[in-house]
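In the two assemblies presented below, subunit A is common to both, partnered first by subunit B and then by subunit C.
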Partner chain A sequence: MQIVFPIVIDAVAYASWLFIVSLGMTLVFGVLKILNMAHGSVYAIGAYAAATAVALAAALGLPPAFSLVAMLLSAVAVAVTVGPLLERGLLARYYGRDEVVLLLVTYALFLMLEDVTKLIWGVNPYYVSEPAQLFGNVLFAGMRIGGYDLFLMVLAAVCGLITWYVLNRTTSGKIVLAVIHNPEMSASMGVNIQRVYVVAFTVGVFLAALGGAFTAPMISVQPGLSVSVIIISFAVVIIGGLGSIQGAAVGALVVGVARSLAVHLLPEIELFSIYLVMAAVLIFRPEGLFQSVKARLI
Partner chain B sequence: MISSKLIGKTRGGLVSMLAAASLLTLAGAAQAQETFKLGVVTFLSGPAAESFGMPAANAAKLMVEQFNKAAAPAPYNKVGFGGMKIEMVLVDENGGGAKQVQELRNLYQRENVDAVIGYVGSGDCLAVAPVADELKKFLVLFDCGSPRIFEDASPKYVFRTASHAAMDNVSLVRYLKSHNVKVNTMNLINQDYAWGQDSRGDFLASMANVYPQAKMGADLLPKFGAGQYGTEVSVLGGKQADITYSSLWGGDLQGFLLQGAARGLFKDTTLVLSAADHVLPGLLDKMPDGSIIGARGAYGILSAKSPINDWFQASYQSMHKVLPVQAGYRMTQAFMGVKLAVETAMAKNGGKKPSPEQISDALRNSTFETPGGQIRMALGDGHQAIQGTAIGRTRYDAASKRVLAVDVQTFGAECVNPPANMKSMDWIKAGFPGAKCN
Partner chain C sequence: MSATKSFQMAVVAAVVLLLAGQLAPTWLQFLVTMSASNGLAVLGIVVLMRGGGATFGQGMFFALGAYAAALAPTLLGVQDAVLRIFLGTLVAGLIGAICAPLLVRYRGIFFAMLTLALSMVMFGLLSKSSALGGSDGINIVKPTVLGMALHSGNAEYVLYCLTVVVSVAAGWLVSVYWNSAAGLMALAVRGNPLRVEYLGASARRSLGTSFVICALLGGASGSITAQALGHVEPNFANWTTSGELVFVAVLAGYRRVPAVFAASLLLEIVRSFSNLYFPNTWQLALGTFMLLVIMFRPEGLGSLWPASGRRKAEPALAVPSVTGGQS
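Moving on, here comes the complex of A and B:
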């Protein structure tokens, strides 16, 4: 029991972070059928924007708790600036082409955004650990748990529930589901497909930026952030099934548990553990755990 | 008769001197027009850029400027390299070993550089060293730490003007012992790649000699660039240890320190970090006080005061507005080693631009003074440097808003580096035979 509790807590904490980032990626794939390589770059931009916003809030003399609002606002700012610009300005030109073309376009975008990030923020690191320090830590069952980790778990749950609720319980969400199911039929019924695409992509960008923004207090924000995130996010959405929100949640949990088990019990295989789990899942479920059923069009 | 012979000899001597002077003048004129094209390779992007690449690139820019203006102190006060102005071609190291092999060939064969100074990554050093030898071109490795480059091979045209990584861990363990740090239990966290694995091996072998009773608790190997260390912090927190050793660096080290501090990890354990000076200017008060750190040499806040170090620190701060850290020091000592080697070779060949063989002959087994202390090309048949190093404890000074080093202890080169006839791991395992410590 002494070892089980830390393994579970660490697994859920890691999965929460992963879920926030992967949720946006799987949503974009579900709606637009784009495997967005630039998702990691937006995550990094979110982290940098949050670092800047928190520093600005401190410089303006705002109370420390406002730093959390500043981080949220920075993610919104990134989403409304970058989302429509990329979707309307670039990706929309390639719809209808082979999925591989879009993959290459987003990869090119990923490379360019790396340089744009460096151009704006340079290569020096940014630290904004103050928001994480607001939460302190809790001693529970002999384990010191970071308060900020618990906050991230709540944030991940809120993100997942809101996304699920909007998609399944609101008219707008049902329109999005209709577009996912059959864009042509939805268009013929009067759905503004372009608007759905731009909104879905912007929400995906927001979730990536939100992940980056709320990770910033735990790390040193500097070049290279995007690469590690994109690889692990791919692993999550592939395990869960591309386009599935439940899949992203379960995929994040599977990766979190695999990593936590490896670090606690067999650190030598930590690097390999995630890919081992991914390979095991894909052997039995080549399309992931929650690949949605596709209706065959006659 | 005697006088006529004397006159004849004197006239002959004068003619010879005039001829030699004319040749030297011509050579000098040729040098004045000639440049020394130098390839410099370091990380300009990617995760290693901030910690190592940019400080090194900044030092390279400073050296080119100072040498070309003949503004460096003696014996580095001639213009450029032996009168030839230095023309630098700066290349990004990011992209992996295969790319670096291609880039090195480009530098030698398309850019026609006369020499290359470069490489932070041990994997990159191991990949490019055979290429320089194959092309018979002069290459100085300035930063990478793997001992294998000169212990597993004997390249002819390749040199390293900094000590390899064994020194870092031997000096840390010697410091723990000489400061009576109690170590009955230890936790380890190192990156799962060449640098982390080699550092871990050297540290454990050194501890086995000096602290044979020390038991290991956690022994973690997160991937390079992991970013998230919550799980690792839990494991380390669950296994109380007197010390927590790490060779993490850059963003990984910063992330680990921030996340560990947030969970109170460092309250009951002493941090022992082999390469940590470069994160201090960014972390400031977030760096746990009392951490025992190395800088992979007597560099930065661990460096000793000397005229050449004063000049370097003042020039670097004037140009880049920050105190230089370890990679900047190592780049500087590579520049200094190459400058003296080129000038020594030129002195032997009538002032002409020297060939790679001539520069290699001049650098091999040489000794030179640098801001980080004396460098002796003593290992690997005179191709691998040894140098002294320093270890200290950190203390944040709120008044100056800087992290200071206190209780600094310096170690001579022959105290913490293996002798020429032994591989570093064999030397450590044998209990440091032949070590000369004061």
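Moving on, here comes the complex of A and C:
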């Protein structure tokens, strides 16, 4: 029990963070059919923007609790500026191309955003641990758990539930689902497809930036942040099934558990345990855990 | 183009490059060595692209070739560079042949993601293996070339010559393959694998062949690069290495072998000068260039060459047009 409890807590905490980031990626793929490599770059921009916003709030003499609001607002700001700019200004020009071509387009975008981030924020690391310190530690079953980890778990659950509710229980969500299933038919019924695309992409960007913003207090924000996030997010959405919210949740948990088991029991395989799981899932469930196999077309 | 004519052209290209290399300064010899060597890995990706697969894991075979070349002197006592290249190619090809039956069940983005996952597993294994130097990698004992010892006066040019010969030979073999029945079937698989199956051929076997060729070329590339650099490291298997190689493949397109090496040389030149003059913006330039190529030259630089009547009829996509999971 002494070893199981830390493994579970670490797994859920890591899965929560991963879920927030991967949710945006799976949503964008579901609606736009783009596996977005630049998602990791937006995550990094979110972390940088949050670091700047928290520092600004402190400089203005605002109370420490406002740093959480500052992080949220920074994610919103990143989403409303970067989302429409990338979708309308760039990706819209490549729609209709093969999925792999779109993957390469977002790879090019990832390369560009790496340098844009360096040009704006420089190469020196930023530290903003104050928001995490607000929560202190919680004693549970004789074990100390970071309060900020628990907060992230709640945040992930809220993000997942809101996204699920909006998609499945509101008119706007049902329009998005209609576009996912058949864009041409939806357009002929009067749906503004372009608006759905730009909104879905912006929400995806917001979730990536939110993930970055709320991770910033736990890490040093510096160049190279996006590289590992991209591939781990890929692993999550591939394991769960591209475009599936439930899949992203299960994928994040699978990856979280795999990593936590490796860290606690077999540290030598930590670095590739996630990819091993991803490869194993792809071998036995080629389209992920939550994807039904589609009919083949000649 | 017939095999004889392409062979004559390959010999002329090799002779011209070998002679030109003698006049070139050392830094240019090294630059061409690196670009031709990387061009081999890119050529592998292009062969696979032309055969219906898109890989994001070429780094795995690149690293396998590099580590095989690096370990050959200590484990097998192999000092000769040519033998090391052969070993690196063989090891990568064998692993490719083992992976191929599994990978040929996939298409499009799932093929790319599975190759990426396998490559990242390799990256993790190499990074954690203390016997292989961990994340620092290992240095390589300077090779001999066909009995000739390398020293500071001749090392660059001899390795340049070796790389040119291997690259031209590989390029010629690939062009022969592309014009063979198997190569043309690979093109048909790229267009529509199911139709090929209905016509009685095996799309999976064709894709498997393309994948093994891709692995062989990746291994050859890694073993030459490792010897030119004198060092190998796990980053060779990282997805960023694979991404860069895919970038060059997109730039080159799948139509012409020389376009692959031209694109690779172009990238090396851009990288060298950008590192020197714009160290913080070279990825920005690279990304912009890639977007422009995909938008205005979706078939890559190779499409700038005049096309024959038969090629004009080929499907106009730089990468496989078939998406989805299992074939």
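Simple rule for what comes next: the second predicted complex is superposed on the first by the 291 of 298 C-alpha atoms of A that agree within 3 Å, B and C clash if a C-alpha of one lies under 4 Å from a C-alpha of the other, contacts with A are read in each partner's own complex, and residues count from 1 in each chain.
Keep this in mind: contacts are C-beta pairs under 8 Å (C-beta built on N, C-alpha and C of every residue); 3 or more make two chains touch, one makes a residue touch a chain.
Everything numeric here is computed off the predicted structure, so don't read it as measured data.
Per the definitions stated earlier, placing subunit B and subunit C onto a shared subunit A by superposition produces a clash between them. When the shared chain is aligned, subunit B and subunit C each come close enough to touch A:271.
Contacts of A:107 after superposition on the shared chain: subunit C is touched, whereas subunit B is not. Applying the stated contact rule after C-alpha superposition, one finds that A:143 touches subunit B and leaves subunit C untouched. Of the two partner chains, subunit B is the only one that A:260 touches; subunit C does not reach it. In the superposed model, A:227 lies in contact with both subunit B and subunit C.
Once chain A of one complex is fitted onto chain A of the other, the partner contacts of A:127 are limited to subunit B, with no touch recorded for subunit C. In the superposition on chain A, A:6 contacts subunit B only, with no contact to subunit C. By the touch criterion defined above, A:282 lies against subunit C but remains apart from subunit B after alignment on the C-alpha atoms of chain A.
When the two complexes are overlaid on their common chain A, residue A:118 makes contact with subunit B and with subunit C alike. When both complexes are aligned on chain A by C-alpha atoms, subunit A residues 114, 118, 123, 227, 268, 271 touch subunit B in the first and subunit C in the second. In the complex of the two chains, the subunit B residues touching subunit A come out as 44-47, 49-50, 53-54, 192, 218-223, 225-228, 230-235, 237-238, 250-251, 254-255, 258-259, 261-265, 282-283, 286.
Contacts from subunit A toward subunit C in the complex involve residues 35, 90, 93-94, 97-101, 103-105, 107-112, 114-116, 118-119, 123, 227, 231, 234-235, 238, 242, 268-269, 271-273, 275-276, 278-279, 282-283, 286-287, 291, 293-294, 296-298.
Taken together, the subunit C residues at the contact with subunit A in this complex read 54, 102, 105-106, 108-110, 112-114, 116-118, 120-121, 123-125, 127-128, 192, 194-195, 198, 239-240, 243, 246-247, 250, 280-284, 286-288, 290-291, 294-295, 298, 317-321, 323-327. Within the complex formed with subunit B, the residues of subunit A that make contact are 6, 9-11, 13-14, 17, 114, 118, 123-125, 127, 129, 132-133, 137, 143-146, 148-149, 215, 218-220, 222-225, 227-229, 259-260, 263-264, 267-268, 270-271.
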